[in-house]
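In the two complexes that follow, chain A is the common piece, with chain B as its partner first and chain C second.
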Partner chain A sequence: MKEKKNVKIALLAALFVGLIVFPIVDKNTYHQLALAQTLVNVIIVLGLNFITGLTGQMNLGTAGIMALGAYSGQLMVQKLGMATILTIPVAILMGVIIGYALGYPSLRLKGVYLSLTTIGFSEIVRLVITNWADFTGGTTGVQNIPALNLFGLKLDATWKLTVFLVIICAVLVFTAYRIVNSKYGRVFKAIRDNIEAVEACGIDVAGLKIKAFTLAAIFGCIGGCFYGFLMTYLNPTQFTQDLSANYLLMMMFGGIGSVPGSVIGATAVTLLPEFLRFTKEYYWLIFGIITLLFAIFLPYGFISLFQKEKREEAGIFKILNDRKGKRKNAGVPKSGGMR
Partner chain B sequence: MAEERKSVLRLENITKKFQGLTAVDDVSFDMKERSIYALIGPNGAGKTTTVNMITGVFPPTTGKIYYRDRCINGMKTFEIARLGIGRTFQNLKLFNSMSVLENLMIGGHEMTKIGLVNFCFNFGGSKKEEILLRERAEEVMEYLGIQDLAKRNVKNLSYGRQKIVELGRAMMTGPKLLLLDEPAAGLIPSERKEFVDIVLRMFEEGMDIFLIEHNMDVVMNVSTYITVLNFGSRIAEGTPKEIQSDPEVIKAYLGDKYQEIAAKERRD
Partner chain C sequence: MSFAMIMQLIISGIALGFIYSMVSIEYTLIFNSTGLLNFSHDKLIMLGAYAFAGQFVLRMGCGYVVATIATVLSMFITGILIAKGIFNPLRNMASPIFAVIGTVIMGRIIKELCRIIWGATAFNIPGFMKGTFKFGSIVITRANTYIIIVAVLLVIALQLYFNHTKSGKAMHCVQQNKTAATLMGINVSQNINITIGISAVVCSIIGILVISLFSVSLTMTNMIGIKGFAAGVIGGFGYFPGCIVGGVLIGILENLSTLVIPSIYKDCVAFVLMIVFLLVQPKGILGHKK
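Let's turn to the complex of A and B:
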């Protein structure tokens, strides 16, 4: 058991070193950008996983969260001449503000009503950014974003920013993994499973939902902040509803509620367009079909292939098992359960 | 003697109306310390509604609820639970995606103190806390005799085992008063006996128990005091013996047959 764990840690360390070395060695900016974009998406999906994956509260406002995280810091850099490094704490603060200010009223709502509120929030953010042209730059957005300056170390090339992103992403993956596999991850999941029972255990559900939502907002804002540095410009057309849906898709693709799943999902869905480039105008059709197949046959995502218990429930294996079962029990009436 | 004991749970003129329907109508009772108090009555009599008002799921339309002489009207469910009132549900409410151990550990979540921000940086402290929580859960599982099931997913257990797990989860919150909503429903006789034994053991160890139950075998053997509801109103109150021979209770709930059986049992 312990040996297996050590092997895992060694593999992860190798992956980490590999990811750091990759942008340094591979001078192809296109590859570096693809990696950096993947890492940004990983961070955001990890956040979304807390509120939607674990706690089961459908959040369709990721684009709005990301936009606020990106704009708040960059506007302060541009208008107040703030040091670029401070955009990261500003993004975290923004995440906390969103978590409480939006979470407090909206998490009293359930199901579709919550989804609608988060869509509304996201759209309001986008419209404000679009129309408050004097302050946010309107549709032209924020241009010429300066390179991130780490106390004198200027990340002025894509590969430098990518290396820094690998480190940040690793820290956040580790933190997310710890939270998911702790008492917090457990109660988040419990809220998804049965909210009345959680309350009966003396647990403040509303407070926990806000915590989960704040975590999502913080991760989303950090992701947005780096997205700005990566693109070197921001404008409101980047933060549409499509983007929010895309993040949900990544989560579903990889495996709802799981950190490795989130990482795999974000990576797969970010890089898929690059691999499916040869399909040209058929891309969306093929992408749609792949998504549908996943929803039907692997509802718990790619990661469920590696989890014994979930695998038995996954659509494809269920179908196969039922077939097998039918052949075996042919003619035997199905016994009714106790309930 | 009975008058000297302190009140644990006191309902004063509780009424609950759902739109036109009066589910509970002017019910009062006083549950004393060191007792197993049963609330019985036909289906739809308002028993579960009463428990839901006690645990703060919804507020009573009128009337007051006291827990150890403290008015708990208007308190939220989790606040009431933190006062030391644990409960189980009529229809099981377990965390179905998790193992038995995890279900129990969620029950003990409130005994952990480390906050989320602190958790992210305090590696040692959070690990120690997790171990403590696990040990407590293991103790409870051993007490209930379900330690072999620790790693099993709750949804794959039999109904009887699930009921025990739910009881364990309630125990993990460290309650002083336990509300059991139809604990014996759906259990086979041997499971029922096991459940009753556990409940009695918990009572002996100092927990007060409030019971809703249909199974007369359980109610009459276990409880020290009974209140009978019918159509939302209290129709009788007393010790099991008094209730068994109360003509109104027999008419509304027990049925004539029951009296014959009870009389026969008394002769034996």
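Let's turn to the complex of A and C:
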């Protein structure tokens, strides 16, 4: 068992080193951009995983969170002449504010109502950014975003930014992993599965829900902040409902509620267009159909192929087992929908 | 600010409000029968508009009446297929999150299909429902008049269907208690299929009506889709009279708000109202308790 763990750690370390070396060696800017974009998406999906995957609160406002994280820092740089490095703490602060602002409604609202609130939040953010043209630049957006300046070390080339992103992303993945496997992660899952039981154990559900939202918003805002540096311009038309849906899709594709699943999902969905290029304009159609089949037949995502109990809880394996009659009458608790 | 102008704002608000009402009726049908929210309902409306304008009128050159009938029929079949392929399998999953994601992905697939079949550029039917009617000093566009008439007829037809036909009454039963409905010999899955089919028909009618307001494009229904949700919340979720009241109220308030705040923030009104209602009065204006 211990050996297996060591091998795992060694493999992860090798992957980390490989990812750092890759942008330095490969001078193709396009490859570097693809890697950087993947890392940004990984960060955001990790955040979404806390609230939707673990705690089971449906958040459809990721685009709004990302937009606020990106705009708050960049506008301060442009209007107040703030140092670019400070955009990261500003994004984190913004995340905390959003987390509390969205977390409080989540105490009173359940299921669909919460999804509608987050959609409303995201739309309001987008509309305000679009229409408050004097301050945010309106539809022309924020342009000419300066390079991130790390105390004198200017990340002015894509490969430098990518290396920095690899490090940040590794730290955040590790943090997320530790949180998921800590006391908090287990309580988050318990809130999803049986909220009454959690309350009966004397755990502060309200506080934990807000913590989950705050974590999600912080990760989302950091992702948004780096997204700005990566794209070098920000535009409200990027932050639509489709973007939020994309992140949900990534989470579901990899595996809901698991950190490796989120990483795999974000990577797969971001990089698949490159590999499925031969399908040309049919790409999204084909990809949509693949994910829909996943949702129906493998709802716990790609990662559940390697987890026996999850795999047999729902989807194709359950159907097959039911056919064989192997499954004894101890069924999955049926939920009556999102009421 | 003359009286006529305010009246005009109110009337166009009512017309748009009826669109929101129909949107919220269409997803309430699905919500009541399956307990799932169809997050891709705006894409279904868009599909209806594309089928009518792109396929039947512009490509095949049908008359408006024939095209409407063809659209409604094909959307009914689409709805039943969607119900069989997506809603019925997802309804019984362990967590409603999968169903939400499933409907979101379905919307993505429909959008891509529309883009591939009819192209990404926006288009319009020349001269469709254009022109105005004049009542004294108040001018009403032809489109708004038709919207109000069709919406009222649709609501009456749905009420008659639910209260006076056998399959309509069966749908009420399924909404209230699925197990009891099964015991009474109602085929729940089939019932859900038909409900979603009807919902798709309502979608197609909305799609045809909004062609004259927005041109046919891939993003035409984004706004009315989300505002339809707001209408349901404000009126009272899962309750038909609530949908109508909520929709019309949003339509009117949105238009009247341009007198007070800059008109570019008009779209925010619905969302702010929705969030306020969710936090303060989640039962909605009519206070209907399910």
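Annotations for the structure displayed:
Everything below uses one rule, namely that the second predicted complex is superposed on the first by the 316 of 339 C-alpha atoms of A that agree within 3 Å, B and C clash if a C-alpha of one lies under 4 Å from a C-alpha of the other, contacts with A are read in each partner's own complex, and residues count from 1 in each chain.
What we mean here is this: a residue touches a chain if its C-beta (ideal position, glycine included) is under 8 Å from a C-beta of that chain, and two chains touch if they have at least 3 such contacts.
Not measured: the values here are computed from a predicted model.
By the touch criterion stated above, A:Pro105 is placed in contact with chain C alone, chain B being left untouched. When the two structures are aligned on the shared chain, A:Leu248 is found in touch with chain C, with no touch to chain B. Which of chain B and chain C touches more residues of chain A: that partner is C. In the superposed pair of complexes, A:Leu153 makes contact with neither chain B nor chain C.
By the touch criterion defined above, A:Val21 reaches neither chain B nor chain C. In the superposed model, A:Thr175 lies in contact with chain B only, and not with chain C.
Looking at the shared chain after the overlay, A:Val7 reaches neither chain B nor chain C.
When the two complexes are laid over each other on chain A, chain A has residues 192, 338-339 in contact with both chain B and chain C.
By the touch criterion stated above, chain A contacts chain B in their complex at residues 175, 178-179, 182-184, 186-187, 189-190, 192-194, 196-205, 211, 215, 309, 338-339. In the complex of the two chains, the chain B residues touching chain A come out as 55, 57, 76-79, 81-82, 86-87, 89, 93-98, 102, 105-107, 109-110, 112, 116, 119-120, 126, 129-130, 133, 153, 158-159, 169-170, 172-173, 186. The touching residues of chain C, counted against chain A in their complex, run 31, 34-37, 39, 86, 89-102, 104-109, 112-113, 115-116, 222, 226, 229-230, 233, 237, 262, 264-265, 267-268, 271-272, 274-275, 278-279, 282.
Residue ranges on chain A touching chain C, taken from their complex, read 52, 56, 58, 60, 105, 108-109, 111-113, 115-117, 119-121, 123-124, 127-128, 131, 192, 240-242, 245, 248-249, 252, 256, 281-282, 284-285, 288-289, 291-292, 295-296, 299, 313-314, 332-339.
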